[in-house]
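Pasting in a structure now, in structure tokens, and then I'll have a few things to ask.
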Amino acid sequence: MKNMTKTGWITLLGMAALAVLPPYFLLNGHAFYMDLATRLVILGIAAVSLNLLLGYGGLISFGHAAFIGLGAYAVGIPSYHATWGGFDLIASYNGMLHLVLAIGVSALFALITGAISLRTKGVYFLMITMAFGQMAFFLFQALDVYNGDDGLTIDVRSELPFVNLDSPMQLYGLSYVSLAVAMLLVKTIVNSRFGMVLQGAKDNNERMVTLGYNTYFYRLTAYVISGMMCGYAGFLLGNFTTFISPDMMHWTRSGELMFMVILGGSSTALGPILGSSVFILLEEVLSSFTIFWHLPFGLMLIGLVLFVRGGLMRLFKGRGE
Amino acid sequence: MKKLLSAALAATMLTSFVQAAEVKIGFVTTLTTGGAVIGKDQEKAVNLAIEHMGGKMGDLDVNLIFADDGFKPETGKQVTDKLVKQDNVDIVAGYIWSNVLLASRKSVLDAGKFLITTNAGPGPVAGKLCHENFFSASWQNDETPMAMGEVLNQKGVKSIYIIAPNYAAGKGMVAGVKRTFKGAILGTDMTTWPTQLDFSAELAKAKASGAEGLFIFYPGKAGGAFMKQYQQAGLKDSLPLYTTFTVDALSLPKFQAAEFTDVLGSQFTQQWDPTIDNEQNKRFVADFRAKHGSYPSFYAAQAYDSMFLIKSAVEAVGGDLTDMDSMRAAMESASYPSVRGEYTYGNNHMPIQAYYLREVVKDDDGNWTTKIVQTVYEAHQDIYAKDCPLK
Amino acid sequence: MKPLLEVKGLMKSFGGVRATDNVHLDLAKGEIHAIIGPNGAGKTTLISQLSGGLQPDAGTVLLNGADITNMPAYKRAKLGITRSFQITSLVMGMSVLDNVALAVQANDGHSYKFLKPARSICHIRDKAMENLAKVGLRKRADDLASALSHGEHRQMEIAIALASEAELMLLDEPMAGLGPKESALLVDFLKELKGQRTILLIEHDMDAVFALADRISVLVYGRIIATSLPDEIRNNDDVRHAYLGEE
Amino acid sequence: MDYTLLFVQMLNGLQLGLLLFLVASGLTLVFGILDFVNLAHGSIYMLGAFICASLTFVLGNFLWAVLVALPLTGLVGYAVELLMARRLYDKDHLDHVLGTYGLVLVLDTLAHIIWGPAGITVPLPAWLDGQVELFEGAVIPVFRLLIIATGLAVAGGLFWLVNYTRLGMLIRAGASNRTMVSALGINIQTLFALVFALGAMLAGLAGMLISPITGASIGMGGQIIITAFVVIIIGGIGSMKGAFIAAVIIGLIDTLGRSFLDKLFMLFMNENAAETAAPAVSAMMIYILMAIILAVKPQGLFPPKVR
């Protein structure tokens, strides 16, 4: 604890606020703010997973929303069939099955699309990941069984041992703990030998290859890990909103996720959470004042880019860090 | 972040601790994006309705909260959640888009509140997903195109080509016209919604199909784009156009400004028209025009009706909003003065009402508007009612 | 004795320009082989083809008799080929020690290890520190690579090459941009390595080349016009004409 | 096979492709030369449409409106360069993306406030509003032919500009070597501002040309920008030739997909399934194309030579 940096303290403080405030809101009759916090925390997990790629791997994925969608449909589709019949193989309310599906399908999707995408770099990588995201989007739009782009209402949430997802408090608790675990996981990975290779390749790929690292596979591994985490966030989001639609996978959503990470400050532990918090809260607060809230919001983004380099975390950082 | 939270907290306190004798109505519509044309028209109509009521329903003050669905189901659900959980409204009304309604309905109904749609009417909410607290102030999606199918039969059209957007309502419209139209359907194109605005490929296909008529459904700005391209393609004589929800009071002034005369004389079906002869409608149309300088659209008419439907329920229970059973019974009787004239409710709380054939004409001042040419159905009930378990 | 590295008929062109034109070359174990030539002769292109950064159009590259012509760069590194870069190529966002540690880590089994913090693995850090000490950068171990001077960057390149324990070091103008004093230090240092490692040295500094090289090849317009002992190269008329004479 | 229909659809596809090229050419210029990712390029396309639409009513003629609106959109581009883009060149792509996304929100909302959500339907002079029959059965709206002609003319003009003029020489030099251009004593800031304004004018022109077809409406920029990016990525960033070829390919694929995919699908699935699957797959096709091309050629069809 002695060695805690200023950002470390802020991270701790932020996480503490997230632990205390939302339940307080709920108990005082402001269920909506609990909802807001749940959304924020779940998207925070997605942003943290993206940060592993974008911040530490230098891989700007512009199709990450696809994983959220896949994770959410991994809840929606089995639950739909359990209610309305058909597709006996997966028709079930069993949360563990949903979880395995969400993470498994995400991993598979990441493996296939990553293997192709990682042949490119820079903006080309950004665009090819976007293309795969859009393919997922249009695929689910075409699936008439699940109402295409009208979306699917989840009537029964995943049934998990120990946790009842119908209870907003327990759902939030699970999401919060998941976020903490996700942050720790990313931090651990980043500091590990694997993380060193990933960050080295971000900075100077040629050097890393010359040293004997097959950076392609290291990056692919990171891409799969990130995809799985994001798929898990989708699993939570599906259970939270109980309404899922292909729209969750649209490139604009991937863009929002990306903006959250950059806004908060990529390659910092708290940056993604800070970004998603500011993004969601600003949206909420500004839009309650005017329907033209995009105007001040846009101006803020421009101001941030022009005058604060490296995202909001930079505002908190001491000079020496 | 803490500052923001406390600001949010303060805002909450302000709104939720002021509880007077009032009826709180949340109205979900589209106020941003291109869809806002419709939302704005509904907003105007709702405000006019409240003005006509003197700001009161019975003894209760009316507290209206408008929410923007941003033209997206997910956003629609989020703002609905907020209305229900945070603003704690008594009744949620609104919903232009079927997919937004489908996404949001559960949030309202699970909270035990009334939900009144002022436009969207997808099949499921009339059928297997019907609910005792759900009412429609509009129609079921399939009905208007079914009326158009009848019109096509009467006109002796042998074959048609269909172009419609690929979303809930679009599919409903296609299903509707296919149900009643007895001729051949030579092709159906479902286009990407709401992004696709260039229909050159579809129009070329429709023309090549050799159909006798073209049936389309394009609400909002896509309708304007479609009509324009239809005109540019010069298909008026070879491939007459039959529309539903495409030409309306919102697009007509734009067409008139652009001197798009092909629209004059075009026909479409609807449950309402500004010329319907009753006191309520006359007052609504006249005051709306006086205030906003344009004819109200059918979206506006439905939104206007929804407020009077709610008013009838509030008055029936003398302001005791906890007596939901009596409120429900009052609404089921549809005894309020509707701008469309009298109608009744089916078991699924969908209107059983008349459908008319409207035609675009010039009014006395030279403004483009519509008039009724014929009555297609006297009292039509949607086909999903039988799937609804409600009695 | 069989040569460590054999290059046969290597060809590479860029849009019609022959950067490498039928190059034959062999390096004996423990030898320091220098390649000299005017700017634009294709020296860096040659090295890149040996390290795997570029694919030749034709020809073969053999390492210990095994064909590695089409082998990707990372695999060649695993077999013991390392290179330094003419234009400093380091992981600038990391510390000096991290840079060298990455080279050590590369030879310490695979790096699909996700849990243990890399900076707490003693044998890697120690070995990295050892190599930093060899080039005299011990004191700067914790500084960011980007904070170091140009000369220090050159030293880091050498430390990394050493740490990778490669049998064959391809050094691309290690003296470039160094002052006379620093160059002299580096020459001394490379002399010490003589016999332990095989080095392909590209260098413009003729004093360094003649001080270090066992053999010298002269590359002009992608062609090797002579390969011989330093003294013979010094006296070769073609070489004087093509290259040395212009100095 | 209906060859008349095929011909008409190919013309439609060509028209869509050339329109895309107008947007993409500006984008690829700015991206290739200035190394600047401009998401707001689509908003300038939208502004072009709105400005031209308003002017059509003021001046009473669409063509006059275009002539006046062109320099105006150039001016908008110049202002964006001066006030914002210029300060972002030396930052990384992520900052460009975030900043220009902010600009998209600002411009779209301003358009909503100024012109309202309804959008504007743009009238055409009678001689442009009709159709021509190229041969038996092949009837094409005159205005679409005008778009094709304009697109081809602009493409020709751009090739001439890039390959045979001093400005083009500087542009090509700037794309591969920025320091060299500044070493030549050229005021690189002026050059960049010019390129930016030119790009804006091209995007604006595309917006003006589409406005009589779809009308000017808010949100139209967000729809085209991503397709335009797909075009320049497939073509290779900075390559005018690549942008042209990719735009035409995408225009054709999109249109032909919408036209014939459902028939193709009906060969192996029932009619209903085909009717719903076809639009989704045809919407997916440009992305599939991009993924395939990038998987084979990771830097697009015509990669930049030196970066």
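The chains carry the letters A, B, C and D, assigned in the order they are written, with residues numbered from 1 in each.
Please note the rule applied: a contact is a pair of C-beta atoms (placed from the backbone, for glycine too) under 8 Å apart; a residue touches a chain by one contact, two chains touch by 3 or more.
Computed from a predicted model, the values in this text were never measured in an experiment.
Student: Can you list every chain in contact with both chain C and chain D?
Tutor: Common contact partners of chain C and chain D, which must touch each of the two, are A.
Student: Select, from B-D and A-B, the pair of chains that is joined by more C-beta pairs in contact.
Tutor: B-D
Student: Could you tell me which chain lies farthest from chain C when each chain's centre is the average position of its Cα atoms?
Tutor: Farthest by centroid: B.
Student: Calculate how many whole Å lie between the centre of chain B and the centre of chain C, each centre taken as the average of the chain's C-alpha atoms.
Tutor: Distance between chain centres, rounded to whole Å: 74 Å.
Student: Distance from the CA centroid of chain A to that of chain B, rounded to the nearest Å?
Tutor: Once rounded, the distance between the two centres reads 36 Å.
Student: Centroid of chain A to centroid of chain D, CA atoms only: how many Å?
Tutor: One centre to the other, that is 32 Å.
Student: Would you mind listing the residues of chain B that make contact with two or more other chains?
Tutor: Correct list: 32, 166.
Student: Which positions in chain A touch two or more other chains at once?
Tutor: Within chain A, residues 141, 148, 292, 294 contact more than one other chain.
Student: If I count partner chains per residue in chain D, which residues reach a count of at least 2?
Tutor: 112, 276, 279-280, 283 - these are the residues of chain D that touch more than one other chain.
Student: Hey, which chains are touching each other here?
Tutor: A-B, A-C, A-D, B-D
Student: Hey, which residues of chain A end up touching chain C in the complex?
Tutor: Contact set of chain A toward chain C: 188-189, 191-197, 199-200, 202-204, 206-215, 218, 221.
Student: Along chain A, where are the residues that touch chain D in the complex?
Tutor: It comes out as residues 54, 60, 116-117, 119-124, 127-128, 130-132, 134-135, 138-139, 141-142, 144, 148, 251-252, 255, 258-259, 262-263, 266, 292, 294-295, 297-302, 304-306, 309.
Student: In the complex formed with chain B, which residues of chain D make contact?
Tutor: Spelled out, the residues of chain D in touch with chain B are 2, 4-5, 8-9, 12-13, 15-16, 57, 112, 116-124, 129-131, 137, 139, 141, 143-144, 210, 212-215, 217-220, 223, 255-256, 258-259, 262, 275-276, 278-280, 283.
Student: For a test of understanding, state which residues of chain B touch chain A in their complex under the given definition.
Tutor: Touch residues, chain B against chain A: 1-2, 4-5, 7-9, 11-12, 16, 31-32, 68, 72-74, 77, 81-82, 85-86, 98-99, 102-103, 106, 122, 166-168, 193.
Student: Contact residues on chain B for chain D in the complex?
Tutor: 32-37, 39-40, 166, 187-192, 195, 197-198, 200-202, 204-205, 207-208, 221, 224-225, 228-229, 231-234, 250-251, 254-255, 257-260
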